[in-house]
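Shared chain: chain A. Partners: chain B in the first complex, chain C in the second.
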Partner chain A sequence: MNQSNTFWRVALLALPLSVFALIIIWPLLSSFYYGFTNWNGFSDNYDFVGFENFGKLFSDRLFMSAAINTIIWMAIAVVLPTVLGLSLALLIDSHVPGGPIFKTIFYLPICLSAVVVGQVWVWIYQPDWGLLNTIIEYVTNDRFNYAWLAKPDSALYSVIVAWSWQATGLSMVIYLAGLTAIPGDLLEVCELEGATTWQRIRHVILPLLTPATVVVVALSVINSLKGFDILYIMTGGGPFNSSDMLAMHMYNESFKKYLMGYGSAISVVLFLVALTIIRLCFKQLKKVDEIYG
Partner chain B sequence: MNKRRRQLLLAAVLAPVMATASMVPSFAADEVTISHYFTGELGQKGLKEILDGFKAKSGITVKDSPIGHEDFKTGILVRAAGNALPDVFSYWAGARTQFVIDAGDLRPIDSMWDKAGLDNVVAKSVADGATKYDGERYLVPFGYHYSGLFFNKAVMEKAGITEAPKTWEEFLAACEKLKANGVTPIALGSKNRWPAQFWFDYLILRTAGPDYRAKLMNGTASYADPEVKKAMGLWKSMVDKGYFVENANADSWTDASDKVARGDAAMTLMGTWITGYWNSIGLKPGEDYDFYPFPEVTAGVPNAVVGPVDGLVISANAKNPEGAEQLLEYLVSDPEAQAKWANIQGALSANVNVAKSNYNAVMLKALDTIDAAQTFAFNYDLSTPPPVAEVGLSMFARFMDDPSKVDAILDETQASAASAFAE
Partner chain C sequence: MADTATLGSTSDDYVAPKRFNPWPVVIFICLFTLAILFLAPTFGVLLSSVKTTRDIALGDLWAIPSSMYWGNYIEVLSNPAVHGYMLNTFLVAAPATAFSIGLGTLAGYVFSKLPFKGSDLVFLLVVSGMFFPPQVILIPLFRLFNLMGLIDTLWPMIIVHTALGIPICTLLMRNFFATVPNPLREAAILEGASEWQVLTKIALPISLPAIAVLATLQFTWIWNDFLWPLIFTQSDEKRTIMLGLVFMKGQYSVAWGIQGAMSLIASLPTLIVFLFFQRYFIKGMTMGAVKG
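Up next, the complex of A and B:
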C-alpha cells in the first residue's frame, strides 16, 4: 500500500517535473551557455568568448539607458499604483455611495490583456484626436497636439502611467482584502477615543496594512523587471530607444541585430537581478508574516 | 560547435517547433514545407490557390506555415536555432539574405536556375541584384516593389500641380505651392522607423550616387562624410520649411497613407504596397491617386530606383531539396501564378512573361519607371547588415524628432555603425 503510494507520487510528479525541466530549466541553462558565446542566432559556427559579452554591457550606451529606464519604471511603479490603490481602497471601504460599482470599475482593467490596455492608451495619447489632448485643448482653449508616445522625453512616462492604470486595480483589491482583516472593534475604540480620520489611518490602519503593502510593492517590483508587453505595444522601446527597458533591449539585440550571444548575456544579468530582488521581497514577506501572522 | 549538442540544448526552447518538425513524416518525398510572411487575408488565400496549382502539376503537397510579417523575423531565427528550418522560406533579398548565407543556412540553386532557364524568365534588373550572393544563386524572386512619391490627385490639381516635378527646384516649388494652399505637402509615418528610410535612400542616391551609397552600406564610407551631410542637409531644410507633417514619429505608414487619402497631406514616399492598401479602402488607381518618381537632385547622377524584393530560398538542410527546387521554379516561372500574386500583393512580378494587362495604370507606370532606371537599389534596411540597419533606422527617427541635432546624430551614428561593422 505504502509502496504503491510512493510510486504514484513519483509517477504523478514526473510529468510536471519533466515539463518544468524542459521548458524552464533547460532554456535557462541554454541562456547562460549562449551568454558566453558570440552566436548570431543563425550560424552553426560560433566561438566561446568568455566574459566578453558581460564586459560589453558596461560600454553599451543603450544597455545603460535601458537599465536606468528600468529603475525609473520600478520607482514610479512602486509609488503610483500603491498610493492610488490604497486611496481607492480606503475610499471604497468608508462606504461612499456607489462604492461597489467603483470597485468593479477600478478592478476591470486587470481583466484586460496588456495588449488591449496598451492599444487603448495609444488612442488616448494620439496627438491629433486623442482623448488626453482633446481634454487639454478644451480646458486651455488652445491647439494642443503633443505626441506623448513619440517624444523621447515623455514616451517612457506615458507608458508607465498606462501600466499603473492597470496595476492600480490589483493593488486596490489587495488593500481591500487587507482592510477587511482589520478588526472593526479596534476602529470603534479609536472613534470613541476621539481620533480624527487622519489619525486613525496614520496610526492604526496603515500599520495594520503593512502585509498588504509588502505584497503590493513586491508585485510591482517583480512586474517592472518583466516589463515588456505593454511597452512593445505602445512604443516598441522608441522613439529611438528612449523608452527601452532591459527586457526590450535584450529582445532587440537578439532578434533585430542578430546578436543572440549578447542578448543571452543581457537576459542572464536580468535574471540575476530579478532573483536577488525577488529574494529580498520574500525575505521581507516572511518577516512581516512573523510579526503580523 | 557541434550541431548535435546545440540541438539538444535548444530542444527545450523549441519543443513545439521541434515536435512538428520531427513528427511529420518528413521523409516523404512528395511533401515540401514552406514558411512565409504573407499573412494578409488575401495573401494567404491567394497563395493557397497557387500552391494547389503546384500540387496539381507536380503531385507534391506543400505544407505551409505562415507567420506574421514582424513575428517572422524572430520566428525564422528560432527555427534556424533549432536546425528546424522549413525546406523553403520567404526572405527579403539583400543584406538579410546575405546574413543567412554567411551563417551557412541556405542551399545554392545555380543548377536549378540554369536547368529551368530562369535567365529568360526573371527580369534582369531584379536577377542581378537580388538572386546572386558571393557569385552563386540562392534566391528566387517572388515579387518586388518600387518606392515613389504617391499622391492624392485631387489635392495636387487643386494646388495647380499638374506636371511631375522633374528637378529638385521644381519639387520644392511644388511643396511651397501646396503649403500656400493650406495642405501639408508630405505625410510621413515613422513610428515603426522604416518608412523614413526611403527619404535617406533617395536623397543619398540622387546626390552622391549608387556607388557611394553601396560603400556606405558596406561600411567603407562613413556617416560623417560630406556626402551624407549634404543629403541630410537637404532633408533638414525640407523639415525646417514645414513640408513634413508634425509628429511623424507618432504615425504608422497606414496613418500617413490615410492622411494623403483624406487630403490632409498631398503625398507620401512609400512602396507600391500602398496601392494594395488604397485599393482596399476604395481608392481608384490613376483617378484618386498616382505617383511620380523622386526628382533629380544633382544633374548627372545615375537614375536609381529603390524597393524591396520578396524572395524564396531553400534551407541548407532541406529534407526535400528536389521538391523545393521544383516549387521555387514553379512559383517564379508560372505566369498565371505570378500575375495572381502580383495583383493580390500590389506588387510587381519578377517574371517578364506576365502580361502587362494584369496591371492597373499606376503599377504599369511603376514598371516603366523601373525599366527606365539605371540602378535598382534595395531600401536601406535591406542594403546594410541588420545590426547596422538598426542603428540607422533609429537615426532617422531621431532626426525627424529634432533635425537641428543632425551633425551630432550623424557622428553618433557613425560611431555605432563602425562598432556594428566590426562585430
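Up next, the complex of A and C:
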C-alpha cells in the first residue's frame, strides 16, 4: 500500500514539478547568474563581472528615478484602490437595491486587458477632446487642454489613476468576501447594544477585515512591481523617463539596449524586493491569524 | 450562548420607533454616481466606435451619435490580420488553459490526498510562484526558446502560460480536493481501484466547479496577456490580439473610431466569459488572492 502511494506520488508529481522547475525555477536561478555577467543576449562569450552590474545600479540615474517612481506608484496604489474598494464593499454590503449590478459594474474593468485599459485612458487624457479636459472645461467654463500624459509632472500620476480604476474592483471583491465571513449575529449584537454604524465599522468590521486588508495591500504592492503593460501602452516610461518604473527600465536595458547582464541584475533586485514584501505580508497574516483565530 | 439569549429577550421588550431611514437612499445615490464615473471610460469607447472619424474630429466624441455608424466594425472585422491575431490568441489560450489545469490537478491531488514528508514545503514553493514579477524569468526563457528555435512561434507562450498557471491551479485544486472525503478514496482503493481511477472517476467529477473557476480565470489572463507575446513574437503573422491592437494602433493613429471598435472586439471573448461565468470568475479571483 505504502509503496504504491510512493509510486503514485512520483507519477503524478513528475510532470507538473518538472515543468515548474524548467520554466520557473531554473530561469529564476539563471537570472541571478546572468546578473553577474556582461552577457549581451546573443554572443556565446561573456564574462563574469562580479558585482559590477549591481554597483552600476547606484550610479544609474534612470534606475534611481525608476525606483523612486515605483515607490510612489506603490504608495498611491496601496491607498487609492484599497480605500475605494473598502468603501464600495461596505456600501454594497448594506443590502442596497441593485447591489449585484453595482458589484458587476465595479468589477467589470478587471476582465479588460491592460492594453485596452491603457488605450481607454489615453483617450480620457487627450488634450483636445478627452473626457477629463472636457469635464474641466464644462465646470470652469474656460478653455482647457492640458496634455496629461505628455507632461513630466503628471504622466506618472495619470497612469496610476488608470491602473487604480482597474484595481479597485479586485480589492472590492476581496473585501466583500471578507465581509461575508463576519458572523451576522455579532453585528446584530452591536446594533442592540446601541453602537452607531460608524462605531460598528471602526471597532468591529475593520479589525475583522484585517486579513483582507493585508491581502489587498500585498497584491497592490506586488502588482506595482510587475507594472509594465499599462505603462508601456500609455507612456512607455516617458516623457523624459518621468514615468519610468523598474520593470519598464529592466525591459529597456535588456531588450532595447541588449544589456542582458545588467537587465538581469535589475530583475534580481525586483525579485528580492517582491520576496521581502511577500514575507512581511505572510508574517502579518500569521499574526492576524493568531489574534483572530 | 447565554449572552445572546438574554440579548434576544431584551430586544423583544424594545420597540423601535418607526422613522424614515434615509441611509439606503443616500447609499444608493452614492453608488449610482460612482457607477456612472466607473462606466464612463468604457462607455466613451463604445460611443466612439459607432461614430465616423469626421464626427470625432469635429470634437463631439462624448456626444450621443444621431445615427449609428457600423463602418469601424466592418473595417476591423474584414481585416484578415485581425482574424490571424484572434486565431493565434485562441491557439495559445485554449491549450495553455487546459494544460495548466491538467498539471495543477495532478499536483493538487498529491498535495491533498497523498501528502508526504516535506510536501507542505514543496507546495509552498510552487504556490509562491504566483507572486514574483514575471520579468525575472524573461531573459533566461528568451535564451532557452531562442536556442530551441521557438522564437516567433506560438509555442513559447503556450509553454510559459502553462507553467505560470501551475501555482494557482495547484492551489485551487488542492483546496477543492480537500473537500472530497478521505473515506471515499480509501473505500475505492480497498475495492481495487487505482489512484488514477480515484482521481478521474471520483475526485474530478466532484471538482467540476473548481475547474470552471480555473478555466475562466486562466483563459482571461492568457487572452489579455501582453508581455510574453511582446518578447517572443516578431512577425505580424504570429502576433496575438493584444499585441496586434498595439501595433495596429499606429496604423490607425488618428482613427479613434476604428481603435475603439478594435478594442471592443479584442475584449469580446473575455467579456463574454465574464458575463456568463461571473460567479466562477469572482470566486476564483478572491480564492486565488485570499488564500495566497
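Note that the second predicted complex is superposed on the first by the 291 of 293 C-alpha atoms of A that agree within 3 Å, B and C clash if a C-alpha of one lies under 4 Å from a C-alpha of the other, contacts with A are read in each partner's own complex, and residues count from 1 in each chain.
What we mean here is this: a contact is a pair of C-beta atoms (placed from the backbone, for glycine too) under 8 Å apart; a residue touches a chain by one contact, two chains touch by 3 or more.
This structure is a prediction, so every number in the text was calculated from the model and none was measured.
Visitor: Can A:209 be said to touch chain B (first), chain C (second), both, or neither?
Guide: In the superposition, A:209 contacts neither chain B nor chain C.
Visitor: Looking at the overlay, what does A:236 touch: chain B (first), chain C (second), both, or neither?
Guide: first
Visitor: Contact-wise, after the overlay, does A:265 reach chain B, chain C, both or neither (first, second, both, neither)?
Guide: neither
Visitor: Count the residues of chain A touched by chain B and by chain C, then name the partner with the higher count.
Guide: C
Visitor: Looking at A:110 after the superposition, I want to know if it touches chain B, chain C, both of them or none. Which is it: first, second, both, neither?
Guide: second
Visitor: Give one of first, second, both or neither to describe whether A:80 is in contact with chain B, with chain C, with both, or with none.
Guide: After superposing on A, A:80 lies clear of both chain B and chain C.
Visitor: A:190 contacts which: chain B (first), chain C (second), both, neither?
Guide: In the superposed model, A:190 contacts neither chain B nor chain C.
Visitor: Looking at the overlay, does A:30 come into contact with chain B only (first), chain C only (second), both, or neither?
Guide: Both chain B and chain C are touched by A:30.
Visitor: A:151 in the overlay: touching chain B, chain C, both, or neither? Say first, second, both or neither.
Guide: Once the two structures are laid over each other on A, A:151 reaches chain B alone.
Visitor: A:43 in the overlay: touching chain B, chain C, both, or neither? Say first, second, both or neither.
Guide: first
Visitor: If you lay the two complexes on top of each other, which residues of chain A touch chain B in one and chain C in the other?
Guide: Residues 22-23, 26-27, 30, 41, 128, 255, 260 of chain A touch both chain B and chain C.
Visitor: Residue numbers of chain A touching chain B in their complex, please.
Guide: These residues of chain A touch chain B: 22-23, 25-27, 29-30, 33, 37, 40-46, 126-128, 145, 147, 149-152, 236, 238-241, 252, 255-260.
Visitor: Flag every residue of chain B that touches chain A in the complex, lowest number first.
Guide: Against chain A, the touching part of chain B is residues 1, 3, 6, 9-13, 15, 73-74, 77, 80-81, 99-100, 102-105, 191-193, 246-250, 386-387, 390, 394-395, 397-398, 401, 420, 423.
Visitor: Looking at the complex, which residues from chain C come into contact with chain A?
Guide: Touch residues, chain C against chain A: 3-4, 7, 10-11, 14, 23-24, 27-28, 30-31, 34-35, 38-42, 44-45, 48, 56, 59, 61-62, 103-104, 106-107, 109-110, 114, 116, 122, 126, 128-129, 131-144, 159-160, 162-164, 166-167, 170, 195-196, 199, 220, 223-227, 230-231, 242, 245-246, 249, 256, 259, 263, 266-267, 270-271, 273-274, 278, 281-282, 285-286, 289-290, 292.
Visitor: Help me check something: in the complex, which residues belonging to chain A touch chain C?
Guide: Contact set of chain A toward chain C: 4-6, 8-9, 12-13, 15-17, 19-20, 22-24, 26-28, 30-31, 34, 41, 88, 91-92, 94-98, 102, 104-116, 119-121, 123-124, 128-129, 131, 134, 165, 170, 173-174, 176-178, 185, 189, 192, 197, 211-212, 215, 218-219, 222, 225-226, 228-229, 232-233, 247, 250-251, 254-255, 260, 263-264, 267-268, 270-271, 274-275, 278.
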